[in-house]
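Look at the two complexes coming up: chain A is in both, with chain B in one and chain C in the other.
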Partner chain A sequence: MSSYISITYLLVFLPIVALVFTLVPRKAKPFILLAASLVFMYLCSHYWIVYWVFTTVSIFVSALLIEKSKKKCKEALPAAENKEQKKAIKKSFARKQLLLVTLIIVANIGLLAVLRYSQFFVANFNKILQVCGTDFQLALPKFAACIGISFYTLQAVSYIHDVYKDKIQADHNFGRLALYMSFFPIIMEGPICRYGDTAQKLWSGDRITYKNFTFGMQRMAFGILKKVVVADRLNVIVTSIFREYQYCDYDGGIIFLGAVLYTIELYMEFSGTIDVVIGSGEIFGVTIPENFRQPFFSKSITEFWQRWHITLGTWFKDYIFYPVTMSKPMKKLTKNARKKLGRNYGPMPASIFAFGCVWLCNGLWHGAGWEFLFFGFYHFVLISLGSLILPVSTKLFEKWHIDRNKLPYRIFTILRTAILVCIGEMFFNSRGLTEGMKMFKVLVTQFTLKSFFNGAIFTMGIDRFDYIVVLAVVLLVFAIGLMKEKGISPREWIAQRHVVIRWSIFFAMILIIVIFGAYGTGYIPIDPIYANF
Partner chain B sequence: MKKIFSKDNIKKFLASVLFVAIGVGLLGGASYLFTPEKFHTDTVKDVKPYGLLAEPDNTMDAIIYGDSEAFSAFSPVQMWEEHGFTCYVCSSASQYISLTESFVRQTLEHQKPRVVFLETNAIYRKMNSDDPGLNKIEATLPVFKYHNLWKNIDPAGINENENDYCWQDDLKGFKYIDIINKSRHPDYMKKTKKLQKVPGSNLQHVQNIYNICKEKGVELVLISAPSTVNWNYAKHNMMVKLSKQLGVKYIDLNLEDSVGLDWNHDTCDRGDHVNYFGATKVTKFFGNYAAKTFSLPDHRGDAAYSDWAKLKVKYAEVTARSKNK
Partner chain C sequence: MDRLIEILEDIQPDADYETCTTLIDDHILGSLQIISLVAEIEDEFDITIPTVEIKPENFNSAKSLMAMIERLEDE
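And then the complex of A and B:
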């Protein structure tokens, strides 16, 4: 199975699982979901599922050991004769627990690093050797990884960390933990779930309700619409611009178009797949966390990352940003900086350092390549600059009497953010950092709208009709986003309409997907962009 | 039991059945609207293979099936000019072998050529698990197959005489590309004894194509068009083995020096496909081979084939701009 938006998943796998889930008694329902998830993983990864087994078993056992250690610590405390002894006992147990948690996190992150990044590191090491003038080169390692390893590893780290921090209890039910780690709708492209939010609901075995089923199907249909009609259609022109630009003398206008269309393609593909994922979960009564919240309504890059790939952002915030900021050296740095820089700028050095760590990890998480590291660095610089400028800009706006809540200014900030995002995505999709830089140079130095007026943009794989279809669906997605921004649930809104209107909307959506979908002869569907993470 | 058959549940069940029925009905209606005989077009994406359906029955002496390697390498109008036999290239970009099988099945209902050529690149195209399922859905509801033709639906044409409104290709499936973009790997056919495995169930589809041809009494021949990007000696070895297993002829144009390709000039995309200049050379070689080996008839001067004679002029118009290159 290569994608959730495939006949095998939508018309074979999911209906069979839903049917069996409905037919079995309540107690057996979680086991059906677990079995289905393991089958799904096996179909995608074959024997490499062994990596997932290692991670799941390691966090299950270590969480129990931590719990046992905490229990023992509590039992040992009454025997202590004084506060000093109590402190020593606590410290002794805490050290052991910390050692175990560190060991498990290092082992799992280390496994992920070896499987996903060893080739990148060895290739760079070889380049250094080459520069030093030695002929010796290390062979590039090749490893096959289990599907979704970057997603479930982060879930595993959050689980063991939260158990250690007493935020959740260690799970004594291996099946429940295994289902949390493998639930088939989330394993391929996320979202990154938290044990405390999803595990109990997954294991509850509640039956499929009519509302959950219909709402889940609607959400899935909307996701399919975004992916099949827009993302797959744009794949032709995006591939053409990004892979052929050096041969075709594209001007800066075309490069900019490529950056914008790639950003639309990425959003429609990723958010469309997440719609299918969330819809699938909804059918089984499981609320999977949202990964997108109208990101293109953002007025700053910081806000953008609070609305785009939300679960990854919150994971980095909780497990990298806060621990780094709250670490002893950073606290000390903040204290000293406050004395010299004042209240406004005092906490900034520590925050910027923590942000640096977050964006280094974010870049690496997206891929093993300098272009991905640059992608992280680019956003780090934009966010840091934003933080540094904020106090100054606030004063200036007050001085110039500019109301930042006025619509024209809001539109300006939204467009500015969107353009910055598109440029970042251009680097993300380039074939290496050097190619990305070349494209950026063409974008800046040879910018012209000539190709928009002489019809050249209609000869690169998609024509006027395709642009109209893309624009229509983008506007539809925008309108739905606008409804959500105003606190209106589109599905609840539809559910309140007369049956004729309701069904007309559903049938129109189905016909739009079937007729205007970019599938079949002449189209090559885009591979799930986040599936090999 | 009472709970399951409650009034509310029965209502929901009937509503679901009605919803599915209306949905299938709408898709059926769309299928009627989108079937190729119901419109005409000359610009729709990848419509070229469907043009064969519009050709008068039993008028093709040879048909070439395959993917983009086929439509860029073989020019039927040139074959007509040089040898007088009729040929159609029934191919589309990135075609899966399952779709090729479907084209063979569909088109041999209308045509009885002396020989059918299967260009081998599509045999190596890895299909995903969806393709067999999609084929079945397409067979039941053709809108899934022909939906891409939405840009060219002519409502006025519906219910008219289908032949008047069925699109015919003046180039008979050939795609004219005169871009020159030289190959970086002109020495791609390095001898080896290795065999490159054919992915998934593709061999079964080749077997099905062979069975259809056998049933129709048409000779099947495997042919590999020149491509420095897609072809190699290990694939050649595998096709030799496959042709022996099937008991069919195999000709690999990648190994025919007498074709005379210049990979600095005769390719449009760095060796992936040949351009018009390459196609002219390939077609010259292929036309000689096909006409002699299968004794294909010369229809030039036959009034029944007067439409083909007119194509010569159109072909000259289309290819005129290449003369300056």
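And then the complex of A and C:
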């Protein structure tokens, strides 16, 4: 099973699980979900599931040990004769707990690093040896990883960290923790869930209701529509531009078109898959956190990352940004900087350092390659510049009496953000940083709209009809996004219509997928972006 | 409470801290302001604010901030 949007998942795996889940008594339902999740992981990863077993067992045991230590600490406190003794007892237990939690986090992140990044680091080490004139080269390590290792490792880290920080209680039920770590709809592409938000509901064993079933099916149909009709259709031209541009005489206009179409393709594929994921969860009564909130309505790069891959962003914020900025040296830096640089710029040094850590991790998380590190660096620079410029631009706008809430200015900032995002995605999808740089050079130095008027854009794998279909669905997604921005829930709106209208909308979506879906000869289905993460 | 409001006004002057209960939800306080705020509060009230306390329900109003400060002072 390589994708959620596949016949095997949609027409075989999911219906069988839903059927068995419905037939068994309530007490057995969570075990069915757990068994289905383990089967799903085994089908994808075979025996490499052993890595997942290591992570899950390690956090289960260590969370219980931390809980035990905290309990012992509480029991020891009444024996203390004064405040100093109490502090010493607390410190002694806290040190042991910190040691354990650090060990577990380092072991699991270390495992992820070895499995996903060792090849990248060894390849670069070999290059350094080559530059130094040595013939000696290390053999490139090749490791197979378990499906979803990047996702479940982050979930594991958040669980053990939250137990250590008393945010949640350690789970005494191994099955519940295992289900939180493996739930089949989220294991392949996320979203990254938090134990406190999902684990209890996953284990509740509530039966499938009519509303959950229909809402889940609608959500899944919409996701399939986005992926099959738009993303798979655009894959042909995007592959053509990104993989063959050096052999063809593409101008800057075509490169820009490629960047825009790749961004649309990526959004439709990723958000479409997340729709299927959330819809699958909804069928079983589980609320999976949203991963997108109309990202292309963002007025800045910072806002974009608060709306795109939300769960990854909040994970980095909670477990990297704030721990770094709230560390003792950084707090001291902020206090001193505030005295010297003032209110606006005082927190900048600490936050820019923390942003650097976040975007280094974000780049690495997306892949082991310089283009991904550059992708992180690119956003780090844009966000840092945005923070540095903001106090100055605020003063200038006040001086020039420019109202930033006026529609033309808002549209300008939305378009500016979208263009910056598309350029970032161009580097992301390039075959290495050198290729990305070459494409960027062509984009800037040879920009022309000639190809848009001489019909060249209709000869790269998709024709006029394909563009019309893509545009129609993009406009539909835009309209739905606009409704959400105005606080209207399209799904609740549909739910309030007559039963005939409701089912007509659902069947219309199915028909659109069947008639306009990009499958068969001439189309290449896009691989899920995070399938091997 | 007065001292807290003074700190808040120094960090971000454009808000009515007596009544506002959506400082985070309405993006009046962003991450940069929170970094400054934590450093100043720790200094002023001689407490340590752990990262788990940095959540909207603690930072959405001056009242909830004060409640968090008092709780941490007692610990």
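The rule is simple: the second predicted complex is superposed on the first by the 533 of 533 C-alpha atoms of A that agree within 3 Å, B and C clash if a C-alpha of one lies under 4 Å from a C-alpha of the other, contacts with A are read in each partner's own complex, and residues count from 1 in each chain.
In this section, a residue touches a chain if its C-beta (ideal position, glycine included) is under 8 Å from a C-beta of that chain, and two chains touch if they have at least 3 such contacts.
Just so it is clear, the structure is predicted and the values come from calculations on it, not from any experiment.
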item	value
Chain C versus chain B on the shared chain A, clash or fit after superposition	fit
Partner chain in contact with A:Thr325 - chain B first, chain C second, else both or neither	second
Partner chain in contact with A:Ala350 - chain B first, chain C second, else both or neither	second
First (chain B), second (chain C), both or neither touched by A:Lys165	second
Contacts of A:Leu11 with chain B and chain C, given as first, second, both or neither	first
Superposed arrangement, angle subtended at the Cα centre of chain A by chain B and chain C, nearest 10 degrees	170
Partner chain(s) touched by A:Ser2 [first = chain B, second = chain C, both, neither]	first
Which superposed partner A:Thr334 touches (first chain B, second chain C, both, neither)	second
First, second, both or neither for A:Lys441, with chain B first and chain C second	neither
Partner chain(s) touched by A:Lys395 [first = chain B, second = chain C, both, neither]	neither
Least C-alpha distance (whole Å) that remains between chain C and chain B when both complexes are overlaid	40
Footprint of chain A on chain B - complex, ascending	12, 19, 22-23, 26-27, 30, 34, 45-46, 49, 92-95, 99, 128-130, 133-134, 137-138, 143-145, 147-148, 150-151, 181
Chain C-facing residues of chain A, complex	162, 165-167, 317-318, 321-323, 325-326, 331, 334-335, 338, 343, 346-348, 350-351, 387
Contact set on chain A toward chain B in their complex	1-2, 6-8, 11-12, 210, 247, 463, 465, 503, 506-507, 510-511, 514-517, 519-524
Touching residues on chain C, where the partner in the complex is chain A	10-11, 31-33, 35-36, 38-40, 42-43, 49-52, 54
